[in-house]
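Two complexes are shown next, each including subunit A; its partner changes from subunit B in the first to subunit C in the second.
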Partner chain A sequence: MSIDMAQFHQVFFEESFEGLDAMESGLLNLDMGDVDKEEINTIFRAAHSIKGGSGTFGFTSVSDFTHVMETLLDEMRDGRRQITQTALDVLLGSVDCLREMLTAIQEGDEVNESKVAEHKQALDKELNGESTEVPQIENIAQSIDTIESSKAANEGSSQAGWHIVFSPHAHLLKTGNDPVRMFRELKELGELTAIVDLQGVPGLYDLDPEDCHLSWDLKIEGDISREEIDDIFDWVEDDCDMAIQTLTNGVTTSQHPTNDVAPNQINSAANSEQPAESNDVKPEKISSVQAVNQSAKPKAEKKEAKPKGSSSIRVDTAKIDTLINMVGELVITQSMLSLVGEDFSPHKLEQLKNGITQLGRNTRELQESVMNIRMLPISFVFSRFPRLVHDLSTKLNKKIELKLSGENTEVDKTVVELISDPLVHLVRNSLDHGIEMPEDRVAAGKPETGTVNLNAYHRGGNIVIEVVDDGKGLNKEVLRAKAIEKGLIEEDAILTDKQTYELIFHAGFSTAEKLTDVSGRGVGMDVVRKNIQSLGGNIEIESELGKGSTIAIHLPLTLAILDGQSVAVGDETYIVPLVSIIETLNIDESMVNRVAGKGETFRLRDEYLPIVRMHEIFSVETAKATRLTEGLLVVVEGQGMRCGLFVDDLLGQQQVVIKSLEANYRRVEGISGATILGDGSVALILDIPGLVRLSNL
Partner chain B sequence: MANENQLAQAREPSTAQYLTFQLADEFYGLEILKVREIRGWEPVREIPNTPDFIKGALNLRGAIVPIVDLRERFGMKKVDYSPVTVVIVLSLVDQADDLVIGIVADAVSDVLDINKDEIRSAPNLGSKIDTRYMQGMYVNGSRMIMLLNVNKLLNPEEFANLTD
Partner chain C sequence: MATILAVDDSASMRQMVTFTLKGAGFDVVDAVDGVDALNKAKANKFDLVVTDVNMPNKDGITLIKDLRALPDYKFIPMLMLTTESGTDKKMQGKAAGATGWIVKPFNPDQLLKTVKKVLG
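Our next item is the complex of A and B:
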């Protein structure tokens, strides 16, 4: 049975994470002044399905935790509770916490219980602090029921005591139960502190003397099992609202579910910790000892070993339908062709040709739509930024507005996954270093609120993602001074603007005057660039002092297919990515210079470029062209460096499917992957930056 | 065959089946469960800047599979590939991934059931053959069969070390 369930876990986790994202963005969108019901509903629904799912799969800690959030949201939804910034922050924190819990469970790790407890406590406080409704307390309590009781079952009862919130329904006394008798029994178990709450007592004229209007906040200390407490309250279980928690720092609780209660019935049980709000409550001490048990820490009670690395993708049904249509067409073409082939005669040649053309078209369309399935809108990445900006701007005391554009631009799933971390880094940098403090902005004549734009759009075969801020911009002089100080450049070096800005990509390069925990340690920009380059992209900076900076990331649309130019070197065929080719030329000796008798360079217009002899660096013995005049020079650019690749001949242009060489072997310098040519043989795809490095050795 | 073998293993866990093959006049064996297929030699695409014993990469139904010449790997005399030259495609379970690697051998001979107790530890064979890559030795009548530890022998990281 457990195996049967386990196969759905992945789906559950994915849905839950999606739900969390929805909750997060919903919470961020909530406008405190003008509350959109639908928005709260969305958040509520997400929480509800996470609760339901986790309950089904037995992740009780998750479902219990979510239940508390749900309760809070439910009240907001019904308008019973004001939406405050603190409440939103608490909820946002809880979303994070929930995400961590789910990740931990997914990966089979220990759930960080103390953190969970902390958030639960915050929720608890939020619920109790502003509402006078007991069900909240009850629900919070319920949330940890399972953990606690399983713990109690496993370890015996080692609690230092219990905290009981007991609010009888009005008719309790009519059922023949007497709270005082129950308290007496409790007192026999251990030290009892009882605080009565008189808030529910109506005015004298409305008072029905036969009803119970009181509720109590009880603390009982001693090594008492849950069962003993339950026994005492056994008879009143259905006639009261009650929450039982272990006496700890408010962390662990356990409770008895009771029937639902209308608000007016239970507004008597305000938590004793808010004396200011309750009508002159006097603690009625039976005996008083204050003790808080700090120890009892519930263990993560569910562990689900989950293999990492499996991933799936959600696809628009429309995309699948297109795909099915195309496969249908393909089948038709195939049957047509087989009909032609069955009884072939020369006069059917025309028919055969048509069939093959159609097959070609089908294949191409099919390929396109399959690739399309892997495409996800960039909003998958962008959606996390409102939260990040919200949190960071509060932390930095800056006023920052985030504007997103082009969220629907589609990119390959792999790109989406890998671009997210570098992008976070860039946005953090913009917030921390780019945007100035509000007063500085005003002094500089700019609007108080800084703006960070995240744009995505297609350009050529690339997707461009821009982080634009209207902050203080990069100071070329400071960058230069810093680079000289670090020994990265010579004092008299002449750098273009572009080269100056590129300095920030050096490891350990930070111009921030003081380190913050947000950024400024100078690690990162080099990693960002490395990550982006590993995706086959590049990163560019434009900046104007005092006006702001633009950081643009150019990435290939997909990592699975590449437009390539095949080149021949002897018997070998290599693929040069078409994007990196600038031009191809015949060369004559007069254009070539030798540097220090070794490295060859040639002059291309006003530039001197190194020549990389492919047959030499790849030791191809069969190369036909060994003298420069015999072959061709393919001018390529990679990582801002240009060079000329010397090859025998150009073969043809084609789209190639990138296959990994590393899957079964390992990385080879100068080669980014392999592909399979039309004749079934393998061809290697050249890694231009790697080749440039190789030739420099 | 794999199923039969698994059944055999379930009944008699102390025996394992080994595929034996020939390199020059020597016989080698490797666990048959690691063998994915055996195919004839066909030209491969050379991978530049790799040790000589990596003959190149082969397209195995869409996967790029490196091919290792065991003769060269063991420092034996190179021979021209003939029609009987075979490529044994192995699938090695690494820590995380399934590595697929082909090895070139002169010929395959038999599949032997070898009792674990009968495997002797590898003797010191001097420098020609590194006993690190040996699982042990098995004597079949007059024939001595070297059982290879393919996981170690064909670890791409080890190749890197060798190039240095």
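Our next item is the complex of A and C:
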């Protein structure tokens, strides 16, 4: 039977990366306090699993590498080795190296051999106190094995068969071993005669039916190697007394017993021939084995490695069960409805209505549970930060403690994938620019160790992710001066606090007096904001000079479905995301100002809102309302700015499934996507921040 | 056909073992660690247990020991999947009541050969 092992590779890579994450966080926890036995065990287990899997799936370079890590960890686990900071650093470095190796193999790239060798040398050095060539020793052992077995095979080939005396210990059956199984295997090798010895069977009263009381005298004829015989009895070696002798034409000529039957003969046989011969063969053997390994390995791995395909997702079985349950109910509703439909008569109307209500409920529940499958805990993202903070604070010579909260908050899988980089940038910024040097902190009357909190929680229909630090905070004066210097604002511009902080999102804005290699060169924050906006979210900053800053990212719960308000403009229907609507009102002409060249504004309480005439922007000729008093003004907010959308009418609220316009057509300013309505027609979903931008031009 | 309990905390190994054995026509139930396996073993009667050694919650050797203590599993064959470096583990496993072992890394053919050998 041949099985394509490649089908298991994806799962292997996923669990290996998870294992590496576990090792990393475990190693980081180890240096924070006293040594936790279970923690080392977890780290060891992860290394052990990666080694086992990589060996099985043919990634020998990975299993060789992990083997050294495993040995080191094993010694730490048993208390045979002191856990030092150097050792931890070497192990952390190896985790990174292993991650790179696995990524390279997964993507079918070349493994960076020199880097691997470097890390392996560091591991060997840590393990042995100096650099040694461990693999060579293994190879020697292997080649000796090969020689021994071929020797054994040769020895056996001249024989006519074997005579075996087999006396199992009483408990043999309780190990799940069955003598019959062994005899069956022997029979496959050659002609078998078995004579049972009943002498050991006690009287009926003394007989324990669960014990084995029999022994056997076995003769097997044929050209059979000793190794084949040993293989069969391998598992029961310690559970029996056994003597194996060679047969030549049915005559016993020499003895090769095991256990307590004449052990000296075994030794003499082994001593007399094998070592001498293996010594002679050793050098060529080793070099050829190594040469084969080196030339064959990269090719073989490359062939097996697959390009990174569609990603997979690990789902709690409870979620799947719920889903199956929902589908079951849906099927029931469907059969009920088709029964009603078979011979429909008006008096069945009530039944039909019930059925449709039920269908509606089923659909909603099904939708919810399907969405639920895409949800992953934010810990997938947070888990990389302890390492990041550990490494960076060492590099910056700062003392920083990272606190995580709300790791179990679930977010859409796409969010998990895309939020990571922006978040790394924000945390790096906090560490680099936010938290002060220990001496500065003490001078400012703060604890020496700075704190960075990463929080995640639900608020309304949103997920909020916060990066909070107790560092020096943003200096408004510095920000302002910088913005004037860069020509971003006029010298006499009046800015609110919020607007001042927003300045850091401008491309090319960097307040750090000195550029470090830790955080960026002023190209970062605008990219961060763009990334978050592409996820349908926004980012806000709060800060107090000397006390610290809070950067909050607000993200929608899911990216695939949107709560929308449909509005009519002529024959067209548009969807306005419900979250961005502030209010809707009739327009009082007296509140409208027309500014030459700048369009119309509407005075809402003390604020002037630009009016966006939807029928003009989207060139809808069938619009019913062209005079402002005839339609409605939907006040919306995006990126902290507001505007009024002028529409014919409000239609209704509904959840819509977002279909990408970019993927199917092209990007259109002011439109974020499209959806299909109940009647089959297509409605465009408005991109409010985009429209606000348009209205302010 | 015989029913086999396959225990491994590694998803890829579990899949490989399950897929191989199912492909050969065995009924296979899998378990993610010793605790899961013990619960499943109590709820069903298996003809063979194939278990990894290093696992969280309950390791393979303790699992074998616990299973042997159950009347239903007194004589049932139990195989452990172990790495070649694990001579100690083999001995510990034998002491706990393991029938035998399959040395990692192994390929599906080796696994099947051993399983068929044990189940006859």
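Keep this in mind: the second predicted complex is superposed on the first by the 502 of 697 C-alpha atoms of A that agree within 3 Å, B and C clash if a C-alpha of one lies under 4 Å from a C-alpha of the other, contacts with A are read in each partner's own complex, and residues count from 1 in each chain.
Methods note: a contact is a pair of C-beta atoms (placed from the backbone, for glycine too) under 8 Å apart; a residue touches a chain by one contact, two chains touch by 3 or more.
Note that the structure is predicted; figures quoted are calculated from it, not measured.
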Partner chain in contact with A:Ile617 - subunit B first, subunit C second, else both or neither: first
Subunit B versus subunit C as contact partner of A:Met101, first or second or both or neither: neither
First (subunit B), second (subunit C), both or neither touched by A:Ala663: first
Contacts of A:Leu73 with subunit B and subunit C, given as first, second, both or neither: neither
First (subunit B), second (subunit C), both or neither touched by A:Leu192: neither
Contacts of A:Ile676 with subunit B and subunit C, given as first, second, both or neither: first
Which of subunit B and subunit C A:Val427 touches, first, second, both or neither: neither
Superposition-derived comparison: subunit B or subunit C, residues of subunit A touched: C
Which of subunit B and subunit C A:Leu686 touches, first, second, both or neither: neither
Contact set on subunit C toward subunit A in their complex: 9-13, 15-16, 19-20, 23-24, 52, 54-56, 68, 74-78, 81, 83, 85, 91, 94, 97-101, 104-109, 112, 117-118, 120
Subunit A to subunit B touching residues, read off their complex: 309, 572-573, 617-620, 659-661, 663-666, 668-671, 674, 676, 680-684, 694
Subunit B residues touching subunit A - in the complex, by the definition given at the top: 43-50, 54, 56-59, 62-66, 96-97, 99-101, 156-157, 159-160
Of subunit A, residues touching subunit C in the complex: 1, 3, 5, 7-9, 11-12, 14-15, 42, 44-45, 48-49, 51-53, 55-57, 63, 67, 173-178, 180-181, 184-185, 210, 234-235, 238-239
